[in-house]
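Dropping a structure here in C-alpha cells format, bear with me for questions.
Order as written gives the chain letters A, B and C; numbering starts at 1 within each chain.
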C-alpha cells in the first residue's frame, strides 16, 4: 500500500515537475544561443511547444509533444525506483518533495548530459568536428541503464542509507533479521507487466534517437530484451538451486529484472548471444551487490532497488564498451557523434578488438551519474533528515504505516491494508 | 466478484448488441437516402461491411471494420460504468438486459448525435453550408466526456437511485452508515491500468475523426491526458490532507480518474496548463458531487460512478467552451463543421475571448445527454423494478451475492468470494 | 504460485531454446539448398540474421529480427499451456526440461509444417505449380488454433495423464472429488488480460503472413476475435444458468477463452456471424470435452488445459473448412498456395458450397498435430516418469508444493503462498 501510493503519487508529481521544469532542463535550447553542455534552459512548461504547435510545418512542435510524453514516462520510471527503498518508514511529505526534486532537476540534467544533442557526454553531440565531445564517441546508453536505472538506484541508496533501517531489521550486534516479504503472487504479476512494459521502453527508445525509425534496430532491440530477461531469470534459478536446493520464485523475478536492466543500455548495439551473457552476468552481479548492501554495508533496502537498478545498471552501462558490435554501432549511432569512422577508429567493444575509448566513455558515465545523483539526492535527504521530517515515528512504523496513515475518508474507516505488505515486527 | 462478473459480461453482451444493432444506429446511412440527424439506420450486423469487404478499393469496408472495433471498445466502456453503481444488489438478469439495451440503442443514438457526420449536434456535420448545424460549431467532445462518461454516469444514477440503497447503508433517520470499502490494492492497480488504457482511448480517438491521423494532435492529447490525471490526483491528495491530515490512497485514485474524465472531451484543443486546471477542478467537482449524491440526495452509489463519470463528465464537456484554443480547434476540427472561420467567428473558449456559441453547444450536449439517457434508462430500470426483477432478496443481499449466486459448477463448491468485496452488515 | 513460477520460467527457458534451435527448425532454409517440407535447418542462434543485419538493403535481416520476436511470443504461449495441467505435482526439473524440448523442437516442427513457405502442409507453399502441396489448398490456420493451441493442449493431456491425478482427486471407486478452485478474482483478471492480449496475437498474425499488411484484414480479425470471445462467454453463462440456476463466473471466463481459441484459426476468413457461431459452439464443445476428460477418461487436468486448447483448438482448425468465405480466403491467402483460383476451385467452406478439400486439409492438420505432439511429448513424459523424476513425493504434494519448494532465500523464510492456490486435501 505504502509503495503503491508512492508509485501513483510520483507519477502525478513527476508529471507536473517534468512539465514545469524538467523537460526544459533536459532538452531546451533557446534558438540563437550557444549550446550549454551542462543543462538546458528553455521551453519551460512547454511554452514554446505550445506556441509553435499550430505552425504550418509543425515539425518542431510535433516532435516536441511526442518527445515530451515519451521522456516523461522515462522520468516517472526513474523517480519511482526509490519508493520501495524507503518503504514503510518515510513520510509522505518528504517523498513528494523528493519526487518533485528528482523529476524537475536531478534527472533532467543527467538526460541533458547523455541524450540531448547539446550534452557534454552525449553521443549525439557532434560539435567536435562531427565527433562527440568526449573521446570522439560519447556514451552509448540506448534506453537508460545509466540515465534511468543508475539515477534511480543511486537515489534509492541515498534514501535507504540516510533514513536508516526498519525497526527490527538489524540486531544490536549487527546481525540481520529476516523480515516478511511481499506477496509472491503480486511480485510475479508485476514482473510480467514490467517485462512487457520493457518492450515499450527499449524498442521505443529508437524513436527518440533522431528520426531514424529503423524497424531493424527496433526488432533487434526487442530480441535482445527478450533474451536478456530470459537469461537473467534462468541464471538466477540455477544459481539459487545450486546454493539452496530450493526454487525461489522471487529470486527468478529479480533475475529477470536484472537481465532487463543489464541490456537496457546496449540493446541496440549487441548481438543476441551478448544479450544472454549480459543478462546472466547481471543476475549474478545482482546477487553479489544485494549481499554486500545488506550484510556488509548494513543498508536496509527492502526491495533491493540499489543492487538492481544502481549496480546492475552500472554493469549495463559498461557492457557496450565490452561487447558493442561495430556494424551495429554504425547502424544505430554512425550518423551521430561517431562520424563515419566507427570502423576506422575501432569504436566498438574491446572484446571485438575495439579501442578502449568506448569503454572509457561508459566508465565516465558511471562515475558522473554516481557523483551527481549521490551528491544532490544525498544532501537533499540529509537536510530533510536533520529537519526531522524524513521518518515516521517508531510507533507509527511498528503499527504499520498503512494502518496509521491511510484513512479512507470516503468510507470513513481506516484500511487495514494488505497484511502481506506489513513489516513484521 | 459481483462487479467483475458484470464487467466481463457486459463486454460479451455489448459486443453482440453493438454488432447487431448499435453500430448501425450510430453510424449507418443507407446510400442514396437523406441524412437522419437523430439515428442511423443501416448496416445492421455489419451486413454491408461484410459484403463490401473484398471490394477492389476496399476503402469503405476497411474503415468499417476498424471503426467498428474501436467504437465497440468505447461502447463497452460506457456500459460497464453502471456495474459498480448497482453492486451487490442487482439481479444478473436485469443487468444483462440493461447492458444489451444500452449498447444496442441508448448509447449508439448519443454517438450518432455527437460523432456521426449526420448527427444534429455533431461538429462533423457540415450540412449547414459547410458549418455544423448547431450554432455553426457543433459540440466538441473529442474522446467522450459526454458521449461515453456522461452516458454511463447518468445511467448509473438511474440504476442506483431506483434500485435503492444497500441494506444498512442509511439509518432510519437518514444518517449515513459507513460501509467497508474495496481492497485498496486492487483499486490502485485498477487505476494504473485505467490510466494507461486512457492513453489508448484519448489519443486513439483521432483515428476516428476522419482520416487526419495527425501525429501532433495525438501527441498533444497524450500530454494533456498525462497532466490532467496527475493534476487530479495531486489536487485530491492535498485536499484530503488539508481536511483530514491523513493520506487517502483511494481518494488519490479517484482524483486521477476525475482528472482523466475531465480532459477527455477537450484534450485535443486545450493547452497543457489548461489540462492541469481541468484535472484539478475535476477532482474538486468530484468531491462536491460525491458528497451531494450520498449525503443530500441519499443515493447509494457504492463506487461513486455518477459523481465521477456523470458530473465530472459534464465539467469535461463544458471545458472546451471555456478553454479551447483557437489554433488547436482549427487544427483538430477546422476542416469539419467549423469551416475555415475558427478565428473569424471567434469559435474558441470564452476565456480566450471567444464567442459563447462553443460554450452553448457544449451546454446543449450536457442537457440532451442527461435528458435522453435519464429518461430511457430511468424508465427501463423503473419497469424492471416494478416487475420485481431488479433486486435480489434481502436474505441474499445480506449473505452476500457472491456466496449465494456464484456456484462454480466445475469445482462443485460455492465460492466464498473475496471478503474485501462483501458488503458489511 | 506453482503455475506462476512455471509460466515465468518457460518464458525464460523458451526464449533460449527457441533462439538456439527452434527458430532455425521452424523457418531456416539454407540458401541454395532444396526445400525441406519436414523441418528447417539453418540460422541456428540467429547466426545468419546477425551477420546480415547490417547489410545495405537489410530486407532479410529486418524481417528476421521482427519475425523471431513475434514467433517467440507464440512459442511461449504454446509452451505455457502445459503449466496448469501438471500443477501441484510436477517437479521443476522435469518442467524445465519439457519447456526446452517443446520450444526448441516439437513446436518449431509444427510451425514449419503449417506456416513456413517450405512446409508440406502449408498454404504458403506454392511448390506444386503455384498451388499448395496438400490438396491444392494447404491448411488455413491464421493465428494458430492448431499450431499453438492444439500443440499446447495435446502436450497438456500427455502430461496430466502420465503424471496422474492429484492426491485425493478420485476415490478408489473412481468417483470424482471436487477440489478447491483458484481465486476467482485472479481468474477474471487473467481472462481480461488474455482477451486484450489476443488482440495482439490474432491481428498481429497478419504481419507474419508475408508482407501484406492489409489494414482491412487486421480489422476484420479484431472484430471476429471480439465477437468470438463475447459469444463464448455469453453462451456459457446461459448454458450454466439453464443447468444449475446459478451464475458461474469461472465458467464464463472459460467460455470466453473457448470462444477465442475457436476463432483463432479462421479469424481472417470468416464473417462476423460465423465468429459468433464459432465462439458459441466452442463454449459447448469445451463443456463436453471437459466432462469427458474428467469423468470418463479420469484425467485430472486442474485448469482444463486439454479441453480448452486441445479440443476447442481442433474445432477451431476445422472451422475454416466449414465457414471460410471465398472472397476472404482470396483476400488473405489468394496470392499464396490457393493460386488465383479460390473461386473456380470452390476453395472455401463447404457450408458456402465449397469443395471438401479445404475441410480435408484442416482435418489433416488436426490429425498430424495430435499424432506428432502426442507421440513426442508422450514419450518424453513417459521416460521422465519411469525415471522417477516427474512427480514430487506424496508428502510434498500434500503439504503443498508452495510451502515445500519455494524458499525465498532473500527473506530467509518459506512463503506460505496464496492459500487459494493450494490443493485441498
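The working rule: contacts are C-beta pairs under 8 Å (C-beta built on N, C-alpha and C of every residue); 3 or more make two chains touch, one makes a residue touch a chain.
Just so you know, these numbers come straight off a predicted model, no measurement behind them.
> Indicate whether more than half of the residue numbers at the subunit A-subunit C interface occur in both copies; give same if so and different if not.
Different; most numbers are used by only one of subunit A and subunit C.
> Subunit A and subunit B share one sequence, so how far apart are they rotationally when you fit their Cα atoms? Give it in degrees, rounded to a multiple of 5.
120
> Approximately how many whole Å separate the CA-defined centres of subunit A and subunit C?
36
> Residues touching two or more other chains, restricted to subunit C: which are they?
none
> Residue numbers of subunit B touching subunit C in their complex, please.
Against subunit C, the touching part of subunit B is residues 1, 4-5, 7-9, 11-16, 19, 45-46, 50, 53-54, 58, 61-62, 64-66, 68-69, 72, 92, 96, 186, 405-413, 415, 417-418.
> Which of the residues in subunit C come into contact with subunit B in the complex?
Answer in residue numbers: 178-181, 183-185, 188-189, 191-192, 195, 214-216, 218-220, 222-223, 226-227, 229-231, 233-234, 237, 240, 243-244, 246-254, 256, 271-273, 276, 290, 304, 327-328, 330-331.
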